[in-house]
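The structures considered in this document are given below.
What follows is chain A paired twice: with chain B in the first complex and chain C in the second.
On to the complex of A and B.
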């Protein structure tokens, strides 16, 4: 019984705060419910509406862009940083590591204020710099085309450091003897990176990419504090849309429908990603 | 015999006692009802604006001073969305406030399925005949099924806040009609100065112009009428004006949150923005705190007029009503506080003097404390006169449970319209289409 006693709290919390609410959300996705009156069963109406809900699909597109940014920019950049931080010739290594970790411990409000000041049309540092070169002021946050750029910049700035710490842990687990042997065999830095570092980091890469994918599909803070999802939903993520519908407008059934679809998407994409990595490992 | 005499004497004694008791009861009923509660009573209030805390605290301090038997302690909490928090707290069974500031745009959340009847106190009978003492449109914001659940804090009538120097230095007059607004805006726009502001995410300028033109989003029963009959024509006329202003560079376009931040004050102080069309509450909530160092350089003009006598002379935007929650254990006492601050002439005048929100009571609208006050920030102008002159023509704004969807759709379509990606017809059709598709969710 002792092992069950040890794992019980974790499972209790999981059932209470994860599985229970998830099942409840699935159930209420078939209802129309404002929270205060009894729910009204409407069958698949929420799902039918969501298929034709233009804003939902815009938010899916935006979230896909945020996820692609995370996977194809944040992860490689983090790996590059980790390799640099792991270099024996790097001085003040701990200071650099602390600096790269800083964004993750900085409050979202402070981040938003900093980046709002950076991208502000009127007094933003970027526009002031551009003005010195005679370039007209750009409405970074008010333009439907450009507003997604500041959000992407914040995502990269905020998450690259933490991701690099994961990779750094992986790099430090690679035996030094492998590099020594490669060096004796005449392998250069690039060859060592390609033939030793990357294969050895595969388990960590799988972990990082799954974590990053899940996190990016649930992105909320960055677009919320910078643009509120606007203008005209140009930066709205799926979770922001869930929040708008479910919490702000109290359409709990519809919000739950969005949440359920998001859950399925994350589950399926994570499985695909893990499958792809396993396939490569077997190769 | 002796027994009968005793009974008769008792009756003789009992009669005066009963009369005295009845008189005492009657007098106590006529007096200050707060004397019914004694000792220290904590009243919890939720609001999004610190100015309301300031005002109610002042009134409560005065009530406490006039009644030594009762001490009301105001426990005020400021939060961004009191109604969202209120519904969440109700669902969760958490402690609720005694009274709450309902931002008018949030009231429709409570209209959904008639929830308001379960959570807020019906104030209709308490208001009684005094209903007609106030600008009628301000009751409409908190009305559901002909019952009133909130008392509005400001007239929210719209006018044109502007810097006269920008016009005078160019030999221009402050526009009095929308056609003039477009023409003067074009001249200013050519010099890199905007005549007004539009938000590309909310119903601000569009909504104010549309209501002034005579349009309504919903009818008195909460049914969507936007896009139907004259409302379609009004919406197109407003969008055409906005289109002209955008094309000539006369409008300063800001995105959502930028509207409430330092962007607009910065543009004012740099002389790149001549003015802004906004309601009365803009004065103390945003303008004066934002450009304190520009005192004396501002004036208030009436909203530009439409070339149609049936159109209104002003418009309306925003507002916050205070409502009593059914969860309150002190509903009568809270009503006394609300009545004292919002339904008396003294309260209305004090509110204007303390936090600058324009009275909603007819008697207060013509009071010297409102119309004769010279405001230093406006170079000594009597801005109360400007608002009072149009106050009676303030249009109503009918509410609907569908308003959240409607506002969301309107906000979503504004940016594409301002960018020139959709025309007025598409704008209107899309807003209607999205609002109708959301019905029943």
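On to the complex of A and C.
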């Protein structure tokens, strides 16, 4: 009896606030629900509507840009950062670690507001610096084409340190003998990096890419504070769109539909990852 | 001769590598620090200085922004709300996760494996899918604008149970058997033997939970509308968005708030970095 007593509270909470709501979300997505009218069953109408919803597809495109940034910029940067932070020739290592890891624990809202000022058209540090080189002030946050850049900068700034912790853990798992042997064979440091460090970190890189992908698909805080999703949806992420439709505009059914589609996308991508892992161990 | 030249070439290349590593880390480090420096210095600038920033450093240590923050916004309330939410979430997470972790690591019982993997699988449910249904549930419970809604749904995370189980695997079973023979109950064994032994694990989980809860934005934004009930991130975001048309955004007070919100977590993090990083690495390694 005892073990069940110990796990009971956790499972009660788990069913009430996690599994139950997840199932409930799917049910809600089949309803038109909002305002004062009672929920009305409409079958797959929400799903049909979403396929033709231009703003939804814009938010998908923006989220894809955020994910691509995370995978193709944050992950490689984090790998190099981890190697640098792990290198015996780095001075003041603890100080640099603290500096690069500080964003992990800092409120995204606080830091996004600081970036909001840095990118300000009239008084931001970035435009002031550019002005010194004779570049006219740029409306970073108000331009439909440029507004995504500040969001990307904050993503890189915020996620690189956290991601490098995974690589640091991976680096510590590489047997020192491999490097010793390479050294005896006359391999320099660049050589060791290419033929030992990178291949040894491959499984970790795959794992990290997937974690980062899943995280980036759920991005909300950074664009919400920097641009509020604007101008005219140019930076709105899928989760921001869910929030806008489901909560702000109180269209619960439509919001739940966006959530379920996001869930399926994340699930499918995770399965693809597991396939990649299995393929990896075979060769 | 040739060997000597080669070794000199190698030491030159080593030197070059040293310089480039240190240089790259330093340049990147400057970029990492700029938003923090800007945040802190702007919090001491006058409004005129903010809108005409001739220098990065403020002319004087002017506390006007901090005074405005505490008098024009319920900042003290937001701070207390955040402390209450993060504090009670942390205590509840430690309790429920350590209990479940204890059961999974130290007992054999029917359904143990499927229950555990079911739980692990649930870690794959992304939070955004839960926003709408949780909002409906919380509204029906009458928890809108209530801090309870910010705590209760998050007190038994699968990751926490997993982490606690990992730490408890290392507790030797003999340590539990001796008091059992002496007639100690299972609850006493959990409280007096297991919990003190896994203190590092509890510390790791506590720090991660507290910081995540302290910085959480999306869910409090959904649930809390009343200004006095807001947590820090929601209140701060509200400072810059809920500005009446025509008036300037209160950047100075916002940066004062950002400074006061970030400093505690960074200080705590610097003190306990080891545990935090161990926790993240542990999650990755398994």
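We adopt the following convention: the second predicted complex is superposed on the first by the 257 of 283 C-alpha atoms of A that agree within 3 Å, B and C clash if a C-alpha of one lies under 4 Å from a C-alpha of the other, contacts with A are read in each partner's own complex, and residues count from 1 in each chain.
Here is the rule we go by: contacts are C-beta pairs under 8 Å (C-beta built on N, C-alpha and C of every residue); 3 or more make two chains touch, one makes a residue touch a chain.
This structure is a prediction, so every number in the text was calculated from the model and none was measured.
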State whether chain B and chain C clash or fit side by side on chain A once the two structures are superposed.
-> clash
Applying the touch criterion given at the start, work out whether A:247 contacts chain B, chain C, both or neither, answering first, second, both or neither.
-> both
Mind working out whether A:106 is in touch with chain B, chain C, both or neither, as first, second, both or neither?
-> second
Scan A:230 for contacts with chain B and chain C and give back first, second, both or neither.
-> first
Does chain B (first) or chain C (second) touch A:52, or do both, or does neither?
-> first
Could you tell me if A:114 is touching chain B, chain C, both of them or neither one (first, second, both, neither)?
-> second
Dominant toucher of chain A (residue count), chain B or chain C = C
Would you check which partner chain A:122 touches, where first means chain B only, second means chain C only, and both and neither mean what they say?
-> both
Chain C has the stretches 241-249, 259-267 or 277-285; which one runs into chain B?
-> 241-249
Touching chain B and also chain C: which chain A residues?
-> 122-123, 228, 247
Complex contact set, residues of chain A against chain C | 2-4, 6-7, 9-11, 13-14, 16-22, 24-25, 28, 80-81, 84-85, 87, 89-91, 96-111, 113-118, 122-123, 125, 128, 157, 161-162, 165-166, 168-170, 173, 188-190, 204, 207-208, 211, 214, 217-218, 220-221, 224-225, 228, 238-239, 242-243, 246-247, 252, 255-256, 259-260, 262-263, 266-267, 270
Quick one: which bits of chain A touch chain B in the complex? Just the residue numbers, please.
-> 32, 34-37, 42, 45-46, 49, 52-55, 120-123, 139, 141-142, 144, 147, 227-228, 230-234, 244-245, 247-251, 253-254
Touching residues on chain C, where the partner in the complex is chain A | 10, 13-14, 17-18, 21-22, 24-25, 28-29, 31-36, 38-39, 42, 50-53, 56, 96-97, 99-100, 102-104, 107, 109, 112, 115, 119, 122, 124-137, 152-156, 158, 161, 186, 190, 211, 214-215, 217-218, 221-222, 232-234, 236-237, 240-241, 251, 254-255, 257-259, 261-262, 265-266, 268-270, 273, 276-277, 280-281, 284-285
Okay, in this complex, where on chain B does chain A touch?
-> 81, 84, 87-88, 90-91, 109, 112-115, 118-119, 200-201, 253-258, 262-263, 266-267, 404-405, 408, 411-416, 419, 434, 437-438, 440-441
